[in-house]
């Protein structure tokens, strides 16, 4: 397989590189692979029992999944997670997309400064955001309301939307806009008929990022949420601190499933836009 | 487009966060204790009143309570609070004053103020609901069994990790006990700067052998999965592990620091009247006696006749001379300062 | 579709005055339009994101609690001139009355704690005094100094009074001093904290060290992977990329949970090593710095690999081949030609990893035990456990300043608008 003229050192290097890469990729995926079988443990521990290693069916059970779906707290948490992620994604996507369209304009004044501000929620540590929001939101008396959490999560999501949409707009042919407006279309019509179809892949992948950001977020929830606003990650966090049981692993496995779905949908989007040529009209 | 709108409408109503209108948020310590409270206090009250209760866990201390009160965002209506904290919380305005004159008579007809043990009504902000104790425990199959508090601090005699709850309370008292301070002098010594230094110096000797935990529910777990050989615990957690899970644990009463827990209402609770009603019901003779499930003593004398003979030797009250009562006054005055010292000591 | 049209409308205009005016108007219109589009988000961020952070900065030096609780005492002590002598009898009287009032409304504890923050070991004196004073009829007292002295002899020294006076200052830099292991003495002198209370600078140092170690580790692990992926055909690379992207998309909590399952005392690693008789008692590999670094490296590795990969994909392999054919050995060619070309990806990845690591909270909180706690954990600790919000705000501000400095470097080096996903 290797070219014959390769020197021995080069051969060693060839295999060493593959070996290293394989080990690193294993390191990356191993924790995720371990989680899933452990969630089927019949015992209330985080460990592989002897029965599990012998593949004894008795040692496996789906009871932690049953518990997950029957437990009122996990149920509320699941609903909250979807609710907050859904609402904040809508907000982040709308604001982020519109802003990205403006930002992509060559005439945008103060572009570097504004870009830096729009991206900053990604950079500021969550604990600082959480502390600041806790002070300020309690001063204006919205801590504990759904709106506080939706706003907070939307803020974390907007940089992703801005970045992905700006990226799609980077190769966007602006003469189309001029053509459209010279034909008498107003800006809103232009946006929905010309701009939006072209940047749709960017918008959708930005929205997915925003969704995941909210769905995963726990620090702001710890600081801002009421007991009845707990989300899945929050429930996992307190479970890990207080009472470890495999229901957490069941929740984790379900989240892995969700991330696999998201990963594939985003990849499909990316492929489709790449293969079709992102800027072709459909 | 209409389909989309309809979809959104359906989705948002399905996803709407507050389907269940919670009427009362009650927080306590979870685990076996929480289960006993659910069985004897929460569930009967729900059944009787038809009200809904969200029963939550917290890991104790006044921090979360204080944060809620000071940010005027009170999420809790009733909380189970240790008396070691109640005096401080009360003096700093974190709790509502409880109308103790509304407490009903005991089942034997005795007036509430005579039926409750005096300590249970010692704070104007709470009603005592259990007498419990911080003890230490170990597995029976350990090579050398610890017998005294001094043994916890002797890593040569008993090697291995010790698990303590992450706070100065009890740990500083134990350090002084192990250092030879007489039981009756503990708080006197701890009240001096020298005494505090002495306690931390003693803790220093085993610092690297201590595993810290945040919540009582972790104590039996750590003992069970080998995370520690000696654990500090609320007596009820270990009792329940022995009784229910058939764990091979042993409780050592030497140096026990007993205390009360009480129900209290955070200042600014949105459901104050409902909260009062719940506490009145939960501190009747029968619910209090129900806490024997986890070997916690009742705070009403009228409950004592309902305690099973087998449980009596497992109650803190059977071992009073082996330990001391936690001083609410001492911790009210020194809690936050020692807390800061402790936190600094911990991360150093 | 082709990219045809010329970019600048000015090209098509003859530059007479009228057209020039129109041109400028058009530009202004476009500018306004662009700004209008950005405005909603900008406004949203300013109100709900930047203002809160600004408010936090404000809280880090503004604390009116004592001045509000005991306004008269604060006022009188403001006129107190010679701090080496006791304050006036009037001060004793005013404080006695206000303390009694505070005890009645159950706020004396709060007052005491605030003073204690400025001057340790005074809180318990004030609390004790408040408790005793509650039962005394103050109107009948003749000498208030005597009264307080009979409760605690510390009232006979100026020190406790300087503490109350200092705590009455609404604006103070004391919390910043504390955040940097100094304290502002009531006399106004800045002194180093006693040895046993010096915690924040060491933690800050630790945070930097850990972030640096993690950055280096992600580089060492990520570079070969990105390099390899950039060499192989795109189809194969996109399959292998799943190994990078799946962890990237998986919840942080899930990955932290997994590491707990792997590292705990009877977890996967210990179980395996025990059953292979390599060790005879479980290794201490969880709830310490080691587990924090390991899990954070795992979590942040994709942030290194992805930018590296996207840069390396664009490097033309013919450069390296050219230098080799000119006689450079492969190793030298790699170091001198390839590595510099990959630097943009490396600096993007490294700065991103470093910035994220330095503000990390969840993983150290769950896996860090005692010696794996980072600066964010201390901010959270003071927010949620000690309720010393001003100190939390000051610590947060110090961290924020560091991050902004790093972000600025990142912007200069990489460009914030070049963040790719």
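Order of writing sets the chain letters: A, B and C. Residues in each chain are counted from 1.
Keep this in mind: contacts are C-beta pairs under 8 Å (C-beta built on N, C-alpha and C of every residue); 3 or more make two chains touch, one makes a residue touch a chain.
Please read these numbers as outputs of a predicted model, since none were measured by experiment.
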| item | value |
| --- | --- |
| Most distant chain from chain B by Cα centroid | A |
| Winner on C-beta contact pairs when A-C is weighed against A-B | A-C |
| Centroid distance [mean C-alpha coordinates] between chain C and chain B, Å | 32 |
| Gap in Å, rounded to a whole number, between the CA centres of chain C and chain A | 22 |
| Centre-to-centre distance between chain B and chain A (centres being mean Cα positions), rounded to whole Å | 39 |
| Set of chain B residues in contact with two or more other chains | 225 |
| Multi-partner residues of chain C (each touching 2 or more other chains) | 264, 266, 383-384, 389 |
| For chain A, residues that touch 2 or more chains besides their own | 45, 134, 241, 244 |
| Of chain A, residues touching chain C in the complex | 10, 13, 17-18, 20-21, 24-25, 27-32, 34-35, 38, 45-48, 95-96, 98-99, 101-103, 105-109, 112, 114-137, 139, 151-152, 154-155, 158, 160, 162-164, 166-167, 173, 175, 178, 187, 205, 209, 212, 215-216, 218-219, 223, 233, 236-237, 240-241, 244, 248-249, 252, 255-256, 259-260, 262-263, 266-267, 279-281 |
| Of chain B, residues touching chain A in the complex | 11-12, 15-20, 22, 25, 27, 30-31, 54, 56-57, 59, 71-73, 75-76, 214-215, 217-218, 221, 225 |
| Residues of chain B that touch chain C when the two form their complex | 61, 63-64, 66-67, 70, 88, 90-93, 193, 211-212, 225-227, 332-334, 336-337, 339-341, 343-348 |
| Chain B partner contacts - residues on chain C that touch it in the complex | 105-110, 113, 116, 120-121, 123-124, 127-128, 130, 196-197, 199, 202-203, 264-266, 282, 287, 369-371, 373, 378, 381, 383-389 |
| Residues of chain A defined as touching chain B within the complex | 45, 76, 79-80, 82-84, 86-87, 134, 138, 141, 143-144, 146, 226-229, 238, 241-244 |
